[in-house]
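The chains carry the letters A, B and C, assigned in the order they are written, with residues numbered from 1 in each.
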Amino acid sequence: MNETTNQEKKTFWEKLLSIDRRIIFLFIAVAISVPLFFKTSLDMPVSPVVQEVYNAIEKLEAGSKVLVSFDYDPGSMPELQPMAESFFRHCFRNNLKVIIMGLWPQGPLQANIALDQVFKDEDIKAKNLQYGIDYVNLGFTAGNEVVIDRMGHDFRESYPADSRGTPLSEIPLMRGVRNYDNIDLILNLSAGYPGTMEWVQYAVDVFHVKLAAGNTAVQAPSMYPYIQTGQLAGVLGGMKGGAEYEIALKRPAKAVSYMFSQAIAHGVICLFIIIGNIAFFSLRKKKTS
Amino acid sequence: MKEKLVFGNKVLLIFFLLLLFLFLGINITFAQEAGEAKASVDSLAQAPAPPTNVVARDAPNDNGHALVVTWTLSPDDGAGKNNVVSYEILRSDNPDTGFVVKGVVALGISQYEDKGAKEKGDKNYLPSHKDFYYRVRARADGIFSESVVSAPAYAYGQWFHFGKSPIFIGSVIFTFFVVLFINMAKKGKELYVRPIAGIDAVDEAIGRATEMGRPILYIVGLGSAADLGTIASLTILNRVAKKVAEYQTPILVPCADPIVMTVAQESVKAGYYDAGRPDAYKEDSVWYITSMQFAYVSAVNGLMLRERTATNIYMGVFYAESLLLAETGNVAGSIQISGTDQVAQIPFFVAATDYTLIGEELYAASAYLGKEPLLLGAIKAQDWGKILIMISLVLGVLAASFHFDFFVKLFQVKM
Amino acid sequence: MSSEVIGIWIGAILTLGIFSFLYKDNPFYKFSEALFVGISAGYWFVVTFWQYFVPKFWDNLSLAYSELLTKGRVDYHWIYLVGGFFGVLMLLRLVPKIGWLSRWSLAFIVGTTAGLQFTRYLESNGILQVKGTIMPLDLTYPKPFIAHTGFIITDILGTIWCNLLNILYTYSHWVLVVGTFCGLIYFFFSKEHKGVFGGAARVGVWFLMITFGALFGYTVMSRMSLLIGRMDYLFGIWLGLY
């Protein structure tokens, strides 16, 4: 009787460890897809690093100039696009002037997509924002960190004209802007290189301009040393950071709606990790005994 | 008669002198009052006391187009009947006229940096080597009082930025170590590098591929030719190519950067030459796929499964594709060795591959395998740099724990 | 049928094609992969030409040429010829006999990048990080905390958890300093990891592994986020189920 039971136990753990990975893929697919149908919003506290980003924008007076750098491509849209929309909502709500640029070729295009979405909001529509007066899109320019460095001396060295070809001298918003001395805050949305680290190295540490960032979850942990030293004001880490920012803004949107799927998926993964480790250690114990 | 006249003249002279002194005295007093307490028309009685001791000097550590103005706060700043709300800083190139407001600071602040533009055409142009004069105005509820004019000061640029001395000292020290150890290596001195786990596994993995008669896949990563991780990877590739040439095992090196591809071709070719098998080198074994990240991964994944590679070596700069590559390699049943300096990708390689070189171990491995004096010298210099950092940490933490803050200031970099 | 609808269908079909690889390699995946590789190569060619070559090389040289023709003066934009020259040297890699000339371009790229990044990394990632790590070490004992939730089990679990966090927070400076120090020892290559040194390196490895675990968790979140985006596209935008 005992021998049979032992064989069953052994077989069960071995089966578990050698389970076809496609079954795990299926579990994850279901864990992510099903919650999307329920549109449940999770209540979550705003973490200090996200609150610092919110405070950095909130402290600015009306008319202050914010430089938003779009350093990502459509591959990182699910994480960074909600943050971009929230940044725009926050800036326009507080009557800040927004200067858009990008160090990735697709970045400024992502900005236009975010603007189109934000301009559908009734409160933003009511402000009747004008291109060239309330916001401007400088577009993409090649050069990576060299662009950041040159802009510290003169924006015109990297951007003689905006994305529509209009010289900066003819754009009312850009007339008083020469370099970072005329910028009150930089917001960076980054998915890799060039990104937040380059902005810290070449803008913050050289020209002492204030910087807050939104990063993919992959990059976010690498930014914490910069927050600890004060080089970075705050960071939105991944979709959760974006969701917390939407909550701080009191405007739950896409990121918050995605968090239920995220939570369920994480729960399933944690369960599999626990089961897998129990199986692994049980088998190892049996082998040694 | 003469005596009377002389006497009379003396009296007249004294009288006129008295009148003159009185006149001058009144004017001097007036001027002082005008200088110290130039107040608004509304109510001289309610004007705040003016700031005093206005001093202008060149702004240090700059390009010569800024001046720093300091002053002693008005006695009415934060106290007194007529509280100061702000200070206005006025500048002119003439001590008497033409003063224009250049900046405003809040109460309690006794310093202002007057930063000008360096271009002549700019409306905020502040030329260097030209005298400027400053006055500071204490303002309180629509009325103000001004200080006396400061002594002239001119801006000039500095050749050396003393605020960034820690960077200069660090650069000098590190460069010294690099040059010293490279020279030592070139002279043939044995520079010890500890054994790194995963290096021996490369030989073992190549042997396994040879036994199975299946090719080896070597991925140099998605970095450019200027990235350190890519350079280290290419050195290791040279060593691997030499081994595969000896064992006559096919090697596949798909690249995501055309420049890296050219260097990888040279590296593999050199490996075959070193093994004495130049004829066995196939140019097609190193090729370019695409620079787009996930398109590259799709192609490599397909290649892994179709060619059933026995060994996959991932060395270099990787991003999000790391786990995609490693998991597909697991499905194909390949033995996998990885190494990257991208901190975010190391966990995936640790979890999904058999051996992982973590961060700087990749650079040390390339030095260990290549045995080039430049690489060995650089590794040694880095180690000495780490020693200095560790000593600084220990001393600094001890100093900070006993509230000696001077040590932290050694590492302060000013703008 | 509008172009937007066609685009959504193409996107959905290609998404499913790539996802089919999760089952096994198949012609549908191969087609999607080949299409992706081809389009990406073409896309990057176009981006490189219009966003890099034209604005940085062609437009600048055109400006310099027009300055020379109209005003008769030599403009500083002629310096972009140097970049163009190095670019041509790079292309000479395709000519085997004089391919060695491309090494000059590589040397320029590597040398410039190293020079540009040397002081920046030294300041931002070296000196300022050392400054941030130098902090006083606290030896005061944290105040014990007792949880009151109304249930004995949650009281006990809450008390243990909160006090652990409290200890970690109070001694966070110790954690930071010890972790940094031992991590540096692990990456010290001039001495073998034996004895006390080896013990400190082991502590460093533990810190590294905990860090990697946190990074792993964050990256898993990132991957799940991307998958959520794709699923939302398939169910919400393509199929319109919600």
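The rule is short, and it goes like this: a residue touches a chain if its C-beta (ideal position, glycine included) is under 8 Å from a C-beta of that chain, and two chains touch if they have at least 3 such contacts.
On a predicted model such as this, the values are computed, not experimentally measured, just so you know.
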Item to check | Relative to chain C, chain with the most remote C-alpha centre | outcome: B
Item to check | Top-ranked pair of chains - ranking by C-beta pairs in contact | outcome: B-C
Checklist entry - Per the centroid of Cα atoms for each chain, what is the distance between chain B and chain C, given in Å? => result 19
Item to check | chain A and chain B, separation of their C-alpha mean positions in angstrom | outcome: 24
Checklist entry - How many angstrom between the C-alpha centroids of chain C and chain A? => result 13
Item to check | Sites on chain C at which at least two other chains make contact | outcome: 123, 128, 131, 215, 218-219, 222
Checklist entry - In chain B, which residues are in touch with two or more of the other chains? => result 294, 320, 343-344, 413
Checklist entry - So which stretches of chain A touch two or more other chains? => result 75, 205-206, 218, 221
Checklist entry - In their shared complex, at which residues does chain B touch chain A? => result 115, 117, 122, 293-294, 319-320, 331, 343-344, 413, 415
Checklist entry - Which residues of chain C touch chain B in their complex? => result 18, 21, 25, 29-30, 32-33, 36-37, 39-41, 43-44, 90, 93, 99, 102, 106, 109-110, 113-114, 118-119, 122-123, 126-128, 130-131, 133-137, 177, 180-181, 184-185, 187-193, 208, 212-213, 215-216, 218-219, 222-223
Item to check | Complex interface listing, chain C residues touching chain A | outcome: 22-23, 47, 51-52, 55-56, 116-117, 120-121, 123-125, 128-129, 131-132, 211, 214-215, 218-222, 224-232, 235-236, 241-242
Checklist entry - What part of chain A is in contact with chain C in the complex they form? => result 22, 25, 28-29, 32-33, 36-37, 39, 75-79, 105, 140-143, 145-146, 197, 200-202, 204-206, 216-218, 220-221, 225-226, 228-231, 237-240, 258, 261-262, 265-266, 269
Item to check | Contact footprint of chain C on chain B as seen in their complex | outcome: 164, 166-167, 170-171, 174, 192-196, 224-226, 231, 259, 262-263, 289-292, 294-296, 298-299, 301-302, 305-306, 320, 323, 343-344, 346-348, 350-351, 358-361, 364, 379-380, 382-383, 386-387, 389-390, 392-394, 396-397, 399-401, 403, 407-408, 411-413
